[in-house]
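Okay, so chain A shows up in both of these, paired with chain B first and chain C after.
After this line comes the complex of A and B, so read on.
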């Protein structure tokens, strides 16, 4: 059996490793698909941001490309009216819960949300949904970095990076539903938790939620 | 030494159980329904009353606890089985009635038919439940024993041929069990209707030395209680189904995931497991065969989403009860990473019947694509609430009007909500839809877990949609974007509509968002949460528009869109009842003696409306909330 399969994405034939998830095949071939929560090394995809939808021939509905394993002969479209509609709504939902002040944000110009907006022609300042009000406190207790939850998109990148780096996870998801947050055990400020300030979480945060203080000056 | 044959061992067990039951039946027995529904209606007290009265009179009669017979509207209930009489069922019991039954029937020989609901066996004197109009539509399989057998005594189950399917299966090959279940096209009763046989086969072929069988008894839908009833009334039926499944796929260990809020179910199941193990029906070398399988209870934490398959497994593994993307399916990688079968309580309960009577027999019941029966908890604005079991394919109309005996108080039917909080609301025009997995799905509803709520003209469909969405929004685990944020915005929009807020675009946005949450969410909680909203938008669009465009709630439910008004010509002047009933002293007596409500003070609690004597019936609700003189002004 060959190690590779050939699939078609947006009319382009590309090679993919057997067992690989479609999202990574596309990205490796410079075909853009919006994504926030996917982590290539993790065996089981998070599949929580719901932005990486594509159409696959023979399937009745758009599917998330981060969960779909490539198959020989698969024919994929990264854009369709149904895909665009889902991505737009998902994106706008995330922005309805995001403190959108790009000019003040250390991630400005280096932000996954801005990238998605640009890649898909979407507006950051969405109008369909009322902004959800939050009163998160800024956690600037660590020496080098800070955590502003009102910018967090709950992608989980930091949580998984922390798990990989540290034997006992420092940060994790807590609470349910609309109250879901990334936090420490017992909600302690990072400096009072078991955090060693290894900053792996800061490095993976795709937005300006976890950021180096020096970049915010 | 020849191995003891499962059939032989079982026959001995059966004979013993039958002999014991016959000897017990030689004596008068009072069977009190003490499932949770009975207990909450006071059944334990009724049981004590019977025991005390029987003792005081020095009578020779046993009082036995049984499960739920399905006629929950008449709880507390008891069946009196006295030799020489057909067993008779009595409902709406209280201490006076108990006294009377003991005196007249147990001591005397008068069955007091004037208090009886029905007889349980055909006789010349009194009708049975089957003679009720609903009897023509009901077909009891998995509820057959419920309310008739003593759930605490395995012999009671065995005497009715319980575990005979297991004995039969063990004398044959595991493949035969699988083939039969596959041929029967048994579809999962936990909601989605996935064929159990196909799942079992995948699990069987999943390799691995260890495999698990798990019974999903999380039953988190508000208002649903059939799984609980079955576990409390006939636990061995479910255990037998699980053992058969384990035999078919080669599992050694199984769990029943029961929500911790079901203490009576947990207790009955534990008792049943212990008794089955004592008799060699669980544990090692079941019925003398080479097959080992044991069961354990896992008490669930209570969150609704934990009923979802992957979340359930996560919660059993001590992780947060949150769904995962699939594949891998549980059948290949489930509990502890091993191939796992997860089926609903009812799904397992059908298995012994299928093994005993065969796939062909099963397929005779119900429809081609959804064979067997459907179990519903019928609640809401329907005369006979309770548990019902009907063949698939029965129409909603038959279920509501024949089995449920229609709506009480001469009210007009408005909608029926099927499938629990994420089911759909269907209108009058859909009443002839047959109940089966696919027809309900096509109509916009789902079979779900089998909750069926009947609604009448006094129910506001916007408020109903809001109510169900509030539940699912609250139960969202928060993992994925669409469900976490989408349901929140949907709920906010619905709240606005119930206050009359919104414009031409509001309903369009609500629909769009609902569709996207359905199509975009990770698990079935999010995918199905929009159903009540989408179906009410489809079938009751005008009601939504009335809220937004006219500030009017046609069903007079939404608080912000109604006011309470005392109609002067109807008010008696001399009566003061409403004044006293108002908690905020909003009602005053005018100079002309009529009562009036100070709208500023009124909190819309409806106390006055209930208090006003029926001969006057002077208090009404108005929507939009305008007083008659203002109404006139506005018209001009």
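After this line comes the complex of A and C, so read on.
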């Protein structure tokens, strides 16, 4: 059996490694699919951001490309009216509780949300859902970085990085539904927790939730 | 919430006991938390710390789990537990107003316990007697048609009831001393 399979994405034939997930094949070949929560090394993807939908020929509904393993002869379309609708809704929901003060945000122009909006022609200021204004307290207790939960999109990249870096796990998800947050044990400020301030979580944050203090100045 | 005297030892021995009797894999975490809560009435931070060490699951994950499920409570229940129903029927006839009057009377928010640990206030979704809406469950007694005036009555009864049992204890103590 060969190590590679050939699939078609948007009428382009591309080679993919056996066992690879569709999203990563597409991204390697410069085919853009929006994504926030996807982590290549993760065995069971969370598939929680609901942005990486694609149409696969022979399947009745759009599927998340981060969970779909490539198969020989697969025919994929990254855009369709159904895909666009799902992505738009997912994106609008993400932004419905997002602190949209881009000009004050250290991730401005370097933000995954802005990139998705640009890539798919979506508006950052959505009107469909009632805006929920977050008033989480800013955690600027660590020396080098700070955590603004009002900007967090709950992608889980920081939690994953944190687990990979130190096995104890400083941060994790807590609470449920609309109240879900990334937090420490007992909601302690990071400096008072077991955090060693290794800043791996800051490096992977796709938005401006975890940021270096010096970039905010 | 501040731990009372002797409570630390109680928590330590309880958690140790539960951990000794149970396997300590990640999937055993929920049963462990349930057993500890059944014994202590709630999950103190100290208990979660020991469980995290014992099972090797990170503290953040134990905390995440305990805050995810409604069945786990992180603050101790009061001597008297008051549950205000906010199911559809109770809500329609002003259950939220009843809840608010309790909050004002006790000076706590829903889900909290008074600092003297005498009362705790919770909201529930339907206790199964919607004809009596708005319903409040005081300890195990169901109270129907609870208006803000009735809230005052319930609080007064609880206070007097407390005083009576307290008086009784005092009396018995005095009697004992006299003998």
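We adopt the following convention: the second predicted complex is superposed on the first by the 217 of 217 C-alpha atoms of A that agree within 3 Å, B and C clash if a C-alpha of one lies under 4 Å from a C-alpha of the other, contacts with A are read in each partner's own complex, and residues count from 1 in each chain.
The rule is simple: a contact is a pair of C-beta atoms (placed from the backbone, for glycine too) under 8 Å apart; a residue touches a chain by one contact, two chains touch by 3 or more.
Since the model is a prediction, treat every value here as computed from it, not as a measurement.
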Inset, instruction - In the overlay, answer first, second, both or neither for which of chain B and chain C A:49 touches. - result: first
Legend entry - Partner chain(s) touched by A:81 [first = chain B, second = chain C, both, neither]: neither
Legend entry - Partner chain in contact with A:60 - chain B first, chain C second, else both or neither: neither
Inset, instruction - Answer with first, second, both or neither: which of chain B and chain C does A:183 touch in the superposed model? - result: second
Inset, instruction - Please tell me which partner, chain B or chain C, touches more residues of chain A. - result: B
Legend entry - First (chain B), second (chain C), both or neither touched by A:129: first
Inset, instruction - Classify the contacts of A:194 with the two partner chains as first (chain B alone), second (chain C alone), both, or neither. - result: second
Inset, instruction - Kindly classify A:175 by the partners it touches after superposition: chain B alone (first), chain C alone (second), both, or neither? - result: both
Inset, instruction - Share the list of chain A residues that count as touching for chain B in one structure and for chain C in the other. - result: 173, 175-176
Legend entry - List of chain B residues in touch with chain A within their complex: 303, 320, 324-325, 473-482, 484-486, 488-489, 492, 509, 512-513, 516, 519-522
Inset, instruction - In the complex, go through chain A and note every residue touching chain C. - result: 163, 168-176, 183-187, 194
Legend entry - Contact footprint of chain B on chain A as seen in their complex: 44-51, 53, 61-62, 64, 67, 82, 85-86, 89-90, 93-94, 96-97, 128-130, 132, 154, 173, 175-180
Inset, instruction - Would you pull the chain C residues touching chain A in the complex into a rising list? - result: 45, 48-49, 52, 58-64, 67-68
